[in-house]
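Same chain, two partners: chain A is paired with chain B first, then with chain C.
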Partner chain A sequence: MTISSTAPAVGGTDAMADARLGALDRIAELGPPTRRDEAWRYAPHRQLGELTFGPSPESGPSLSVDLDSVVPTLSGPRIVVVNGAVDRDRSKLASIDGIRISTLGDALAERPERVAPHFELGDVDDVFLAANIAFGNDGAVIHIEDNVDLDIPIHIIDVAVPGDSPNGTCTGVVVHVGSQSSATVVETRVGFTDAFGGSNIRTSVTLDADATLEHIVLQDVPTEQIHLSRVDVTQGLNSTFRARSFNLGAAYGRLAYTVHLDGEGAHADLSGLFFGFGDQTLDQQLDITHAAPNCTSRQSYRGVLDDSSTGVFNGGIDVKPGADGTDAEQSNDNLLLSNRAEINTQPRLEILADEVACKHGATVGQLDDTALYYMRSRGIPADEARRLLINGFADQAVDDVGIGAVRDWITHRLGHDDV
Partner chain B sequence: MLHVKNLTASIDDKQILKGLDLDVGAGEVHAIMGPNGSGKSTFAHALAGREGYDIEGTVTLDDADLLEMEPEDRAAAGIFMGFQYPVEIPGVNNMYFLRTALNSVRKARGETEIGARDFLKTANEAMALVDMKEDFLNRAVNAGFSGGEKKRNEILQMAVMQPRLAILDETDSGLDIDALRIIAGGVNALRGPERSMIVITHYQRLLDYIKPDFVHVLVDGRIVESGDHTLALHLEDHGYADFVNTDLNDAPERPLTGAPS
Partner chain C sequence: MSETLREIEELTQASYEYGFSTDLDTDVAPPGLNEDIVRLISAKKDEPEWLLEWRLKAYAAWKDMEQPDWAKLNIEPIDYEAISYWAAPKKKPVLDSMDDVDPEIRDMFDKLGIPLHEQKMLSNVAVDAIVDSVSVTTTFKETLAEAGVIFCSFSEAVQDHPELVREHLGSVVPVRDNFFAALNSAVFSDGSFCYIPKGVRCPMELSTYFRINSQNTGQFERTLIVAEDDSHVSYLEGCTAPQRDENQLHAAVVELVAKDRAEIKYSTVQNWYPGDENGLGGIYNFVTKRGRAHTDAKISWTQVETGSAITWKYPSVILQGDRSVGEFYSVALSSKRQQADTGTKMVHIGADTTSSIISKGISAAQGQNTYRGLVKMMRSAENARNYTQCDSLLLGKECGAHTIPYIEVKNPSAQVEHEASTSTVGEDQLYYCRQRGMTEEDAMSMIVNGFCREVFNELPMEFAVEAQRLLSVSLEGSVG
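This part shows the complex of A and B:
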């Protein structure tokens, strides 16, 4: 990874400007990740090295494609970001009582305090996060006051149309859900052109006491691209974070989540599906930190890997001293459709508290020949029987999604609309 | 209708079927009985088209060479095999599975596919036949079904598929007394002049309900005796001792009626 400019993005407070300069230094210090970095072991290092990041353009290239035909049909508010810059014409920035949906650029100009944590450099050791801090100054900000129940999902669509230099784009998303409030945010990531490049999207989530957020990521960029997604969540007392991720596109599609359970009784429930073909590598990196007592966390991921695709599930549960009464579970079930496909699944558990219930398990299987025969003996052609079995496996992740339009999009994308 | 001639089947050089002959005419019901491990299920799978066997001999259904066909083509030709051990398919909805199965064979036969609403009618009729509750249709195929429920589901599938030739492999095992009566009633309702059945069972009890036209004894990969339903009664009393490790010619004197043509 290199940078195409030594001038960081602008906007916001002096502290943010300092953080951006610090981020540039950090990029130089850290250098690109290597195979020795546990969290990047299966990443395509050569391709990561070819990514360049720089300031986002004022506006992205105009799209000649019908965006609505490739994203789920959601009628609520939406923000469309193209190459790191909000496309206002395609966005619907409705203002609803108690909810402010704005662009990150506007938030930096008008209410920078609301997005301050998003630009804190701290002890960042992820070079792509440093790049996002340095260059990502547009995107979406969703700010939900206390005591608001929003039942329509907010849609954030990120479109990557890689240019020559930089070929990478940075987008920032900030979501805050106030006390006793609930909301659903859908982030759809798509792209156009068959050029090499990558999107680097960083989402910061803060949940106040008793807040609930359902956060869905649909990753379906072209298989020429790299997709780096990082969702950082801080949860307050008794809050609930539900993540549903579908990692489908990209040469290397990385969906990383770091969740800090900071308030007692908080609940994090993450589930997802990764479905790889060709040479794709689909990487799920999960780090759940239990920092308060009596929190629960669930990680439940399914992988389907065909051809010579590679799946990665690296799931961490870190129980800090004092986080007594922690209840954490993790599971990763995989279906390998080809003998060249590969899955690397690894739990990482560190438990430094008392009365902790921690369960984890992983399975790797192939299509059940007996089930295939059974279906064929009922007249179902072999290909169709295979498809039914694969979809049956994948659907158990899709069933976790509450929004019908999103479920429809996924099933359509997986090629089984009619189930 | 079905002609099986000198059928052999082996797995890894182990011969299981050793020259099996059987002729089943249209509308006939044939029972096959035989000791554990004698090859009954292997015969059923050989007819349904399971892969993994080395098969020799000939099997024709209405003059078509069955052994050349894929399992799905055999289903389209009218073969239905009720499994001794029905397979659980997590994640695949039972109703969707049934409709896909029916429409697949209809498509293969050049018939129009059946829409969701019309299919529901078909499914409801079939469910009434085996006294099955509707929620079974909304569950995954056989997943978590009890042994008896799985067997019911097999007959439900048969009722929906309306096969030319049904091979029922121990459909009676694992059924309680009431369920046996219901399932047998369902099977009887599906009997017809154009539909033939091969009923594999260990128990005379089932044959009290489903009266077979012929009974065959399968021992060590061969049919060693054939007769009418009284043969089953004889087996019930005497077991297979007369047939095991004995030459066919040494079989006891019994009136042989209605040997298959």
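This part shows the complex of A and C:
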């Protein structure tokens, strides 16, 4: 990874300007990830090295494609980001009582305090996060006041299209859910390009006491692209965070989550599906930190790998001293469909408190021959039987999604609806 | 619970039962490592030219390596120039009988509860006692010789069976394998060599008691076990060490070769000085253990790790031949300020290979226990199977239990299952036992022993008893 400019993005407070300069130094210190970096162990290091990042253009190229045909059909507000800049013509920034939806650029100009944590450098050791802090100054900001129940999803669509250099783009998403409020945010990532490039999307989520957020990521960018997604969540007292991720596109599709359970009784529930074909590498990185007592967390991920694709699951549960009463579970089940496919799974537990119940499990296998035989003996053709079994395995993740239109999009995308 | 905590604190103060030091007149090389020291070691041992070359190659590799830092361990920097790489007990005349053994050494074994002069009569175990790198006495050679089994110190093997050593040395753990293996290859002092000929079932359990004796002397043991086709051997390794204030580095290498249909069972009870309650002193146990299993062969590692300040080892099996089997059974206890980063690697290359991993980690006081393991299914590993179970038990507020498994699968017909759990001893369990008249300490000991039973069951009889005793003694010092 290289940077195309030593001048970071602008906007916001002086502290943000300092953080951006610090981020540039950090990029120089860290350098591109290698196999020795545990979190990037199975990533395509050469391709990552070819990504370049720099300041986003004022406005992205105008879209001449039918966006609606490739994203789920959701009514309600939406923000469309093209190559790291908001496309206002395609966005619907409707204002709803108790909810403020704006672009990150506007928020930096008008209410920078609301997005301040998003630009804190801290002890960042992820070079792409540093790049996002340095160069990402547009995207979406969703601010939900206390006691608001939002029953329509907010849709953020990130689109990659052929652009000028640099070949990488940075987008920032900031979501704040106030006390006693609940909301659903869908982030769809698509692209219309056959050139090499990468999108680097960083989502910061804060949940106040008793807040609930369902956060869905649909990653389906072209297979020439690199997709780097990072969702950082901080949870308050008794809050609930539900993440549903579908990692389907990209040459290298990486969905990383860090969840900090800072308030007592908080609950995090993450599930997802990664379905790889061709030469894809689909990487899930999860770090759940139990920092307060009596929090619960669930991770449930399924992987299906066909052709020469590679799946990665690196899930961590980190229980800090004093986080007694922690109840954490993690599972990763994988299906290998080809002799050339590969899965690398690493379910980690790091526990420094004693009143805990933590479990994890991982399985790797292939389609059950007995089940295939059973179906064939009942007249179902081999191909169809195979598909039924794969769909059955994958659908468990789809069923976890609360929005019908999103479920339909996924089943259509996976080709399940025409069985 | 406050009473329990008080008891725990009280018992944490218990000092190391085997903490003593015996004065032996040692012949020690000046501290520091360079080519001359490697040559000196080789010359002292009257080694053939090829072995010196091999050592020098390892030294050259080591010089360019850096000590790895990826483990979840807090290691005080090791000054490799401050270590003396050679120490030998004073030369004694060749002994005719056990009575001629240095009384000091015999006394030391008595303190350890291993009266060497009685071993011959009491048990059917041959003991190759190692005091500071050089074998002092070896027993049962005759019985073994009748069966054609070669069991001797590594130095003797180099002199008497150079062709066997040359063929297999470094064949499983190459000289540049890792930092500590390279260091060991350059400066290893002695160790054990074991060769089981074709079709022979070794008539007795083989055992070596390691013991660290001289101050500032790193221990660099080298063990090589070769089991020819259709043979069977069970090897036992155990150790205790005197109390020390300075950290002592122990970087051993163990290589196992199980040829077609052979079986090697390697059991370890490790109880080196863990350091005091402030984490002072204690042994650094950085060991490379690996076996290669050929067609239909089986290698089984069983370990009970209760000692050392830092334990850092991953006994591994390369499942090269079709239908070969690998097993790993482990109990690792970290108390006081002990740290353990241990586990296993199962590399499946052959078809229909199977491996199972049962790991029990116990953390008490300020102990940190990490299971780190790799299960790798190569493309060629058709229908390979692995089952892994890692359980951790936390006894205390300040300890930690970590599980870091790596699973890499490149063959769709491979089946891999991994399960792990972390829990604590429930108040209700303790209450139930106490209600029935057990002391808190007995109850805890019983629960912990039950937790480890799956592993203890795998130990040979001689060790199962010792292991239980060790665990109880270790627990006495850390939990109620």
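Keep this in mind: the second predicted complex is superposed on the first by the 415 of 419 C-alpha atoms of A that agree within 3 Å, B and C clash if a C-alpha of one lies under 4 Å from a C-alpha of the other, contacts with A are read in each partner's own complex, and residues count from 1 in each chain.
The definition used in the following text is that a residue touches a chain if its C-beta (ideal position, glycine included) is under 8 Å from a C-beta of that chain, and two chains touch if they have at least 3 such contacts.
Since the model is a prediction, treat every value here as computed from it, not as a measurement.
Engineer: Once the shared chain is lined up, is A:Ile96 touching chain B (first), chain C (second), both, or neither of them?
Structural biologist: neither
Engineer: Taking the superposition on A as described, I'd like to know which of chain B and chain C A:Glu384 touches: first, second, both or neither.
Structural biologist: The first partner, chain B, only.
Engineer: Which holds for A:Gly365: it touches chain B only (first), chain C only (second), both, or neither?
Structural biologist: A:Gly365 contacts chain C only, not chain B.
Engineer: Does chain B (first) or chain C (second) touch A:Ala341, or do both, or does neither?
Structural biologist: Only chain C; A:Ala341 stays clear of chain B.
Engineer: Let me test your reading of the model: by the given contact rule, A:Leu63 touches which partner, first (chain B), second (chain C), both or neither?
Structural biologist: Touch partners of A:Leu63: none, neither chain B nor chain C.
Engineer: Is A:Val356 contacted by the first partner chain B, the second partner chain C, both or neither?
Structural biologist: A:Val356: touches chain C, not chain B.
Engineer: Between chain B and chain C, whom does A:Gln396 touch in the aligned arrangement: first, second, both, or neither?
Structural biologist: After superposing on A, A:Gln396 lies in contact with chain B but is clear of chain C.
Engineer: Tell me which touches more residues of chain A here: chain C or chain B.
Structural biologist: C
Engineer: What part of chain A is shared between its chain B contacts and its chain C contacts?
Structural biologist: Correct list for chain A: none, the interfaces share no residue.
Engineer: Within the complex, which stretch of chain C touches chain A?
Structural biologist: Those residues of chain C that touch chain A are 70, 72, 377, 379, 392, 394-424.
Engineer: Considering the complex alone, what residue numbers of chain A touch chain B?
Structural biologist: 368, 370-371, 373-382, 384-385, 388-389, 391-396, 419
Engineer: Spell out the residues on chain B that touch chain A in their complex, using ranges where they run on.
Structural biologist: 48-51, 70-72, 74-76, 79-81, 83, 86-93, 96-97, 100-102, 104-105, 108, 140, 157, 161
Engineer: In the complex of these two chains, what residues of chain A are touching chain C?
Structural biologist: 36, 38, 321, 334, 336-366
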